[in-house]
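Inspection log for the structure reproduced underneath, given as structure tokens.
In order of appearance the chains are A, B, C, D, E and F, and numbering begins at 1 in each one.
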Amino acid sequence: MWMNKNEHTFIGFDSSFDEADIVVFGAPFDGTTSFRPGTRFAPNVMRMESDGLETYSPYLDKDLEEIKVFDAGDLTLPFGDTNQVLKTIETFTKDLLLEDKLPIMIGGEHLISYAAIKAVYEQYPDLRILHFDAHTDLRESYMGVKLSHACVMKRVWDLVGDGRIYQFGIRSGEKSEFEWAKQHTYLHKFNCHSLKEYLTSLDQYPLYVTIDLDILDPSIFPGTGTPEAGGISFQEMLSVIEELQPLTIVGADLVELCPHYDSSGVSTAVACKTLRELVLAL
Amino acid sequence: MWMNKNEHTFIGFDSSFDEADIVVFGAPFDGTTSFRPGTRFAPNVMRMESDGLETYSPYLDKDLEEIKVFDAGDLTLPFGDTNQVLKTIETFTKDLLLEDKLPIMIGGEHLISYAAIKAVYEQYPDLRILHFDAHTDLRESYMGVKLSHACVMKRVWDLVGDGRIYQFGIRSGEKSEFEWAKQHTYLHKFNCHSLKEYLTSLDQYPLYVTIDLDILDPSIFPGTGTPEAGGISFQEMLSVIEELQPLTIVGADLVELCPHYDSSGVSTAVACKTLRELVLAL
Amino acid sequence: MWMNKNEHTFIGFDSSFDEADIVVFGAPFDGTTSFRPGTRFAPNVMRMESDGLETYSPYLDKDLEEIKVFDAGDLTLPFGDTNQVLKTIETFTKDLLLEDKLPIMIGGEHLISYAAIKAVYEQYPDLRILHFDAHTDLRESYMGVKLSHACVMKRVWDLVGDGRIYQFGIRSGEKSEFEWAKQHTYLHKFNCHSLKEYLTSLDQYPLYVTIDLDILDPSIFPGTGTPEAGGISFQEMLSVIEELQPLTIVGADLVELCPHYDSSGVSTAVACKTLRELVLAL
Amino acid sequence: MWMNKNEHTFIGFDSSFDEADIVVFGAPFDGTTSFRPGTRFAPNVMRMESDGLETYSPYLDKDLEEIKVFDAGDLTLPFGDTNQVLKTIETFTKDLLLEDKLPIMIGGEHLISYAAIKAVYEQYPDLRILHFDAHTDLRESYMGVKLSHACVMKRVWDLVGDGRIYQFGIRSGEKSEFEWAKQHTYLHKFNCHSLKEYLTSLDQYPLYVTIDLDILDPSIFPGTGTPEAGGISFQEMLSVIEELQPLTIVGADLVELCPHYDSSGVSTAVACKTLRELVLAL
Amino acid sequence: MWMNKNEHTFIGFDSSFDEADIVVFGAPFDGTTSFRPGTRFAPNVMRMESDGLETYSPYLDKDLEEIKVFDAGDLTLPFGDTNQVLKTIETFTKDLLLEDKLPIMIGGEHLISYAAIKAVYEQYPDLRILHFDAHTDLRESYMGVKLSHACVMKRVWDLVGDGRIYQFGIRSGEKSEFEWAKQHTYLHKFNCHSLKEYLTSLDQYPLYVTIDLDILDPSIFPGTGTPEAGGISFQEMLSVIEELQPLTIVGADLVELCPHYDSSGVSTAVACKTLRELVLAL
Amino acid sequence: MWMNKNEHTFIGFDSSFDEADIVVFGAPFDGTTSFRPGTRFAPNVMRMESDGLETYSPYLDKDLEEIKVFDAGDLTLPFGDTNQVLKTIETFTKDLLLEDKLPIMIGGEHLISYAAIKAVYEQYPDLRILHFDAHTDLRESYMGVKLSHACVMKRVWDLVGDGRIYQFGIRSGEKSEFEWAKQHTYLHKFNCHSLKEYLTSLDQYPLYVTIDLDILDPSIFPGTGTPEAGGISFQEMLSVIEELQPLTIVGADLVELCPHYDSSGVSTAVACKTLRELVLAL
């Protein structure tokens, strides 16, 4: 009874580290966010609000109690030093992979995905990236900064090269980004209908799934820094996750929940439910 | 002019008691709410915000001015004594039935439905219950408490037994609740499409309709204690109400509006409009 | 560098006045709003939040950088003197037309459309009005006031007469307004599906487009004074704008954004994006 | 039990009209508010929140149960027609005076005081006005409008002339207003310390007390349209009310609570408590 | 590194249980709250927000790093069953005392103090209670309920009898409560000036300190269910705590923080700082 | 009339650049903020809300119309690259000094003061710094970062050395910071009473005044990242500014307003009024 200090994990993520197959951790960084900051609060708010969630999914007919997930808490990240932040995330992710754990990262802003993908890519040189987002994130630099949330998929491309990045739901960006994507990534505007066309070919590769939650329509997910009307519904998100089920996912993240911009708590509840479904689908 | 002290009724519910066919009353109780409280504020906030509503429905082409509804205000309910709260609601509902009024109760949390249904069931032993909700509400007890919002339909089942409860829109619960329902209630997941299949057979019974407003998708109804993404749209709600029109409804309630969690007021407006349509459909 | 004092325009509306084909201006008036005020804040909040928007539209494959728009800032309007407010708007609009600029007005409440339409109508006696709204706005007077937001389309009708006003998306009003409209306007309930039927015949007339943003469903646009569930989706709004592209629009307005009622900022973002699409479609 | 429709009065103001010595009514108008509107919501929000108040004052050792107050509800005021709004208030106040009731009006913006004072002045030509406020309110006109909240005490002066208006707590206005006041009113900056110097001389006159609640420091009263730091504390407000006790007050108002700008509800609670103390002190 | 699941304690309360002299725990219950609920959220929100606090107090020149405090997390309390809630708290407190730990409880509503005091009183029959509050809390019952937040000090009196309860800061209650207190408790209105008069005589008794944070003025502590203007300043609170330093405190609680009613987070920060000072003063 | 695009300056700061003696500019950076971000929004929100302010100060009996201030708008600062941000501010400040303008910077977080002070110090090697703040800001590094808001006065000390920094109002920091300050700065806890003792000796030096607005008590200034109860009142702030009047101030800043954390707008109004008084006092 008196063993441990106050523990508060995501609901159902209460395995011990040793037993766990999956490790969830928070990366509460939003230091390059140019518009509305606050994604740093997401992991902790999600832990608290996850109490309102059931562990059972009637969609997948699975229960978190059937699988082993460890909640490692949040990384300590030094605001003001982007390089050190990314280094910390990369090292931590590498350590998890060495211990044979599947890493799932909760953002924070999208830039953090670059560090996690770098660690995963090192171990899986064949890696493909599934990118769900409202934004292209393909700028070469943003206001003179290359390590910026607005450039994260360009940085990932620097790493993995042409034909490795699959983008879905994109509905905002500069004209030149859309043009560039035609040559270098598989970019699909507005929705995820084309995902199923790739399922067979993606079957043979290790996959990293990065979900910028602003792919969702702001009607159901207003709590994000740059809401973009015209996004996918929660039901479409569920379908996407269901389609991912047979694939070999070796790492994943959920980013860009900014809980304070949605005082109703719906966005946080949506993020928690998406995380539950994603974890159950792995 | 000087006769009555400040009166404030739901818009259009301004009949006298004697003339009224329908009596609306508030049951502002949320004492067993385990997650986010505040449904106690719903009836009064709905009265104030109903001023933004028209009395005419272009959906049903009917007007509240054509029917007779009395707004009895809110019951005084003793927080901290659940038994006494339920007793008060039950007695009041019974009194309305004795005066030949159709009772419509505004919650408050879902537990209150148990008291109202008990009163109605006593007068209509053939009663069937139509239950619209995101949650199963079929736990035997919750944290050791049997009179809990999470158990309300189980308590109603204790009363009416197998095959009397029809559940629609359910998308959250424990695995065991979904299993149990297969034997004891007609539970339909995610939406209300199956309602029309029952219309003929339900035609011959007196019906109690309990609408937990969180059946609606949180995009249109964020103001509730436990928002569950993936709910029905407002248009589907309107269709449901239209389908109910020919049936014999002898009591109804709307519960789980928690207005403070939606500072935009949309949830309250939705609740008011749902109430208007429901009353016009009776 | 030191030439001008702090300038803050809608993103991409940074042409000089002389070069501009389109002039956008704010009319921050909400003095007759009977329910929840605050549309006065819309134009300035839109300017500030437009920084989160891209200038490129992946829907229309056009960029604001390709067209010339001048942001004239907000008119100074005397609260408490409705006549003077309308006079100021009318004169300003007239001046713009004399300078061969296409006027786009940002409200403010809907009454302001009357003044702008009056100015446009004087120059284009053949004018037709496309009215997108949740509400009929056809009352002869409201609480004894004829110059009221609730009467604006009736006032426009006083001006232009029968068969000139096309109304879409209407889902709220008094029964008598719906009746009256049958004889005098083309009123279409709930959605904009019928718009395409008029496109050919409208082709030959100069058009004024007035968009009361509450035509949108409150799930995606909660930030308005009188939210009405059951509205159109943002995608339907995009389709409408696309359909308007080939027509001859000589004036337009967007009204009834009330930004403070949506603390998430989604409504403002939606208004900004609608404005971008509308301007790109002209 | 079934006699009256839903009644909701300020706590303790539950006398019948005939028995009542004092009549409280709401004047929910904010149509000339130039900065942040919303005082229209004050009377109704105060009624609802007054439930959190005790009827007993430990400051004055008096109880609302010992006196007779009738809550007449809110006047229906036509937004958009300032003249008619003022007419309605004036007539209603006159009617109350004819019935020998002491009128207490709850705003609404400050302009409404002009109408009530006009009615009271007609019956009491010797009337003196005690004006508690952060602002001078002495402009001749504001943006070309003479019937504006910013001009209300100038309009009162038009009525009663020099040396009849006593102003306290003033800390905001144009330089010219402060200059003008030196010749025409008794204006006291920043606090109410000088009130006691006038008590003897004011003793012989009928008094109207108008309290713009923004005289309070925004730390304790943030919920107002134009918060001005440096105001009086709630304790000073209590002292002022205590000092007023022996005087002959024939009318009073509390204005400029804008409840939505204080989501904590403290401002509303302060307004309710001030009203309780004021009524107990009469 | 991988030993423990996500831990999140109040800042500086990171001792192990065995080493600790003081044990802090949350009692997140607000089931009898009659007006505005939400104190259930206080302990967890305080933990999260305590990260903004320093461990060092420049007031007492002490540092949390110098003392040993264990944060036991929150009790699991069954909403809807007040008796069981109180039983759980009482048993837990008793267990702490048996382990020779000084219990500090974070509410939750004030009723919970009754359970903790009961446990402490059993071990310290000479116990005196210092009660800091805006409200008398001396009702015999409230809406027919005896175990209510509004009755908590009356219940404590049932236990300990006359002359054992010292009340400070009281500024709200029924007249009869103030009358009753004259015979049975030491009640001091409005502030804590009289505390120092008792210091010598209290020196010889074990003391339980119960701080209802609404004793603070709502200007600095708006986040509470029933804000009462006219409270003490934070500096006065610091003085009180300093005066308590030499006394023998054997148990304490802080109750009635309702964090959601203060979106600025100031109330939570004040509660955290008060807790730090209190713990450092023990 | 058509010359300039939408201009929006702080009220009264409408001089041209050439005529101006003082130039106000925004530095909307909060990239090293470790707790709650959002000061980036301050300058623009202050401009919009300054419309609620009068240009005349009854405290100083001066009017903004009597002096010449130019509002240069906001600097464009690259989030994610702290060095570049500081470089931009430093260069801009230097340019202003070369044009003989007195620079006043509106933050943003406190780190930005380092850049402005560096520019001012280069031109005035005798510079003294008056630092008003709740926090010491004297850490050598924070989470491994030396260019952090928590280290800003240490970085300034690196520049100017011992005995040049005067700190007032400090009530939060690490014990070691308070110890260090005893040898290197003039640190005064809790209030600004000691300021007057330095006035004569400071008379002979050029001064930079940096006001971290969180020196104010959070009751009047809740809108800041790390609210610290026990601060100075607004009246004390006014006294401080009045005392500064005779001194030779060559640069100044106001930092750490985080407007979104105070939805009432009071904090922004306080910041605007403080800015007005400061500018009038120069």
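Keep this in mind: contacts are C-beta pairs under 8 Å (C-beta built on N, C-alpha and C of every residue); 3 or more make two chains touch, one makes a residue touch a chain.
Nothing here was measured: the structure is a model prediction, and the numbers come from that model.
A.B. asks: Any chains in contact with both subunit B and subunit F?
C.D. replies: A chain counts here if it touches both subunit B and subunit F, which gives A, C, D, E.
A.B. asks: Need the graph distance between subunit C and subunit E over the touch network, please.
C.D. replies: Minimal hop count between subunit C and subunit E: 2.
A.B. asks: Among the chains here, which has the CA centroid at the largest distance from subunit E's centroid?
C.D. replies: The most distant chain relative to subunit E turns out to be C.
A.B. asks: Greatest Cα-centroid separation from subunit A: which chain?
C.D. replies: D
A.B. asks: Same or different for subunit C and subunit D, when you check if over half of the residue numbers at their contact belong to both copies?
C.D. replies: same
A.B. asks: Just the number, please: Cα centre separation of subunit B and subunit D in whole Å.
C.D. replies: 41
A.B. asks: Of all residues in subunit F, which are in touch with two or more distinct other chains?
C.D. replies: 217, 219-220, 262-263
A.B. asks: Line, ring, star, complete or other: which describes how these chains touch one another?
C.D. replies: Basically it's none of the tidy shapes, so other.
A.B. asks: Which chains are in touch, pair by pair?
C.D. replies: All touching pairs, sorted by chain label, are A-B, A-C, A-E, A-F, B-C, B-D, B-E, C-D, C-F, D-E, D-F, E-F.
A.B. asks: Where on subunit A does subunit C make contact in their complex?
C.D. replies: Within the complex, subunit A contacts subunit C at residues 35-36, 170-175, 178, 189-190, 217-220, 222-223, 225-230, 261-263.
A.B. asks: If you look only at subunit B, which of its residues touch subunit E in the complex?
C.D. replies: The touching residues are 30-34, 37-38, 40, 76-82, 84, 111, 142-145, 147-148, 260.
A.B. asks: Would you pull the subunit C residues touching subunit F in the complex into a rising list?
C.D. replies: Where subunit C meets subunit F, its residues are 2-9, 13-14, 16-18, 44, 47-48, 70-74, 99, 263.
A.B. asks: Report the residues of subunit A in contact with subunit B in the complex, numbered from low to high.
C.D. replies: Going through subunit A, the ones touching subunit B are 51-52, 54-56, 58-59, 63, 217, 219-220, 234-235, 238, 262-266, 269-270, 273.
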